[in-house]
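Okay, got some structures for you below.
After this come two complexes, each holding chain A, first together with chain B and then together with chain C.
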Partner chain A sequence: MALQLYKIATVEVGSAGASSIAFTSIPSGYTDLKLVVSGRADGAFDWHQLYLELNGSTSISVRMLQGSGSAAASYNNSVGECGPIIGGSTATANTFGSAELYFPNYSSASNKSISVDGVSETNGTTIYQILSAGLYSSSSAISQITVKPKDASAVYRNFVQYSTATLYGIL
Partner chain B sequence: MPFIETLFNTAQQHFTASSNRKGKTMTTAPTAIEVNCETGLVTERPLTAEEIAQREADAAAFAAAKAEEEAAAQAAAAAKASAEAKLAALGLTADEIAALSK
Partner chain C sequence: MSKTATYSLIESQTLGSATATVTFSSIPGTFTDLILIIRATTLSANYNMRFNGDTGTNYSDTSLWGNGSSAASYRSSNNTVIGLTYTSSGAPISRIQIQDYSNATTYKTVLTRQDDSVNAAGCNVGLWRNTAAITSISIVSPGTIPSGTTLKLYGIQAGNA
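Coming up: the complex of A and B.
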């Protein structure tokens, strides 16, 4: 059977902004999930880190490969920090970072792997593109996904208006 | 596949609803958006006092850690400068002092 992609839900942030976007009660009837985020946050930086929570937990190990346009680096963390893939208020006006987060076998009883492919955006000399690999060690199906932006000083910020997040189910 | 169709229709209804929110006047307090994927219900709620406190605590913890790092770096730089001054007082040249740290 050919790959089938279904849009489960989408969120567009309104004028008040949003500190987080959460998809709850995610049905378990798909094979994989894909979350597509187009985001810009209100901190005075070119970029923000995207933080991930699964089922309310931030205990997610992430290995990150990052390119800035002039240098490459790699990082790791265990708090769901997925990479500098959300724009900020000093980035070129009306530009948004973008990211795809993929959750294969999200409802299995085994630990879940996560892959993230994203880029922040601005008209400048330094901006980041990342590939991240994550591990959520839990036997529970993923039924809730939350994303939050943090700035370069690790302070939680808000998604600005017109940021979007769309969750797809894949069969 | 009715189950999927239902979900898809719900998502479409939600998409329309969320699109219609553009320009709506809302409070300026930090807001969390939650969408229930089974019902399509979107909830925009202000952060709880606990959540706001946690955000502030996180920011304070980061600021404290940063300040600690900077203080340690300043102390290390001061100790290095003091050591170099003492070596110079003993008669070592600048090149000889620099050679010690290579």
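Coming up: the complex of A and C.
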């Protein structure tokens, strides 16, 4: 059988860092998209929130289930905040957060649902594992995906070197 | 190092009308795992899962949910289905992984993720107490699964070392 999972592109952040990672001109020939992010940012925190933009819009509603290692909680927002799943400069050295974002039927004319799994990581007592559900209320195909890190003081930060994101298309 | 296929599409269905049951039958036993992706349109009833047409009380599941303000966990045992949805509304995504589905020795374990930004994000682990290889999967509803819902079943190939 033919391969059904295709890598569209990979972005690796260089030594100068990057305020965002973006995929533009995403082809519409797949049925689903999967974005895998390995990220660490330069804010002085163990973790950063991953913010999602689709076609340049942050109007994305999210319901989040979060475990810290000692408690579970749930939150919601309408600004594309997907969870504390990007590492920070006070996290254990060489440690990156991980996230998988899944976009089924991303080129359909109906609203787009999003599923996110992620985890921040550090050698400490508190890390976050999250499951998030997102909704992008637009009839436009998703042709651009951007992710940005924001720290615990709600300040956008930069991805540091060796952060990566890979976008896959699924048939 | 050579590469082999990973996801291979076994069957895709898009519902042309609302129906109570969607079945994937004659599933080949040649993969290691199965992945089922469901993208529902707006629900009016829950949907659940069963295997090989077994309607007995041979299923159990444990779920963890967050509805945007609180987190909760539920357990269902000796059930006739594995539950997949948090409520009977919204338009959820279900991502379902069935490990080692074709072995004829062990009971079958299922990991699922369900996401619906209107209602909740959550996950679930399910068990089917039967050693038979899984050859069919049915998505069943006490009401109907809405028209326009898409269901895609993939087989996962083992990669080369």
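Heads up, the rule we're going with is that the second predicted complex is superposed on the first by the 168 of 171 C-alpha atoms of A that agree within 3 Å, B and C clash if a C-alpha of one lies under 4 Å from a C-alpha of the other, contacts with A are read in each partner's own complex, and residues count from 1 in each chain.
Everything that follows uses one rule, which is that a residue touches a chain if its C-beta (ideal position, glycine included) is under 8 Å from a C-beta of that chain, and two chains touch if they have at least 3 such contacts.
All values reported here derive from a predicted model rather than from experimental measurement.
When the two complexes are overlaid on their common chain A, residue A:Gly169 makes contact with chain B while staying clear of chain C. After overlaying the two complexes on the shared chain, residue contacts for A:Gly118 are found with neither chain B nor chain C.
Of the two partner chains, neither chain B nor chain C is touched by A:Pro84. By the touch criterion stated above, A:Gly97 is placed in contact with neither chain B nor chain C. In the superposition on chain A, chain A positions 171 are in contact with chain B in one complex as well as with chain C in the other. Residue ranges on chain A touching chain B, taken from their complex, read 6-27, 29, 153-156, 158, 161, 167, 169, 171.
Chain C makes touch with chain A in their complex at residues 5-9, 12, 37, 39, 41, 64-71, 91-93, 95, 113-123, 148, 150, 152, 154-155. Looking at the complex, you find that chain B touches chain A at residues 3-4, 7-8, 10-12, 14-15, 18-19, 21-28, 30-40, 42, 44, 47, 51, 55, 58-59, 62-63, 66.
Residues 1-5, 31-32, 61-66, 72-76, 102, 104-105, 110-111, 113-117, 131-135, 170-171 of chain A touch chain C in their complex.
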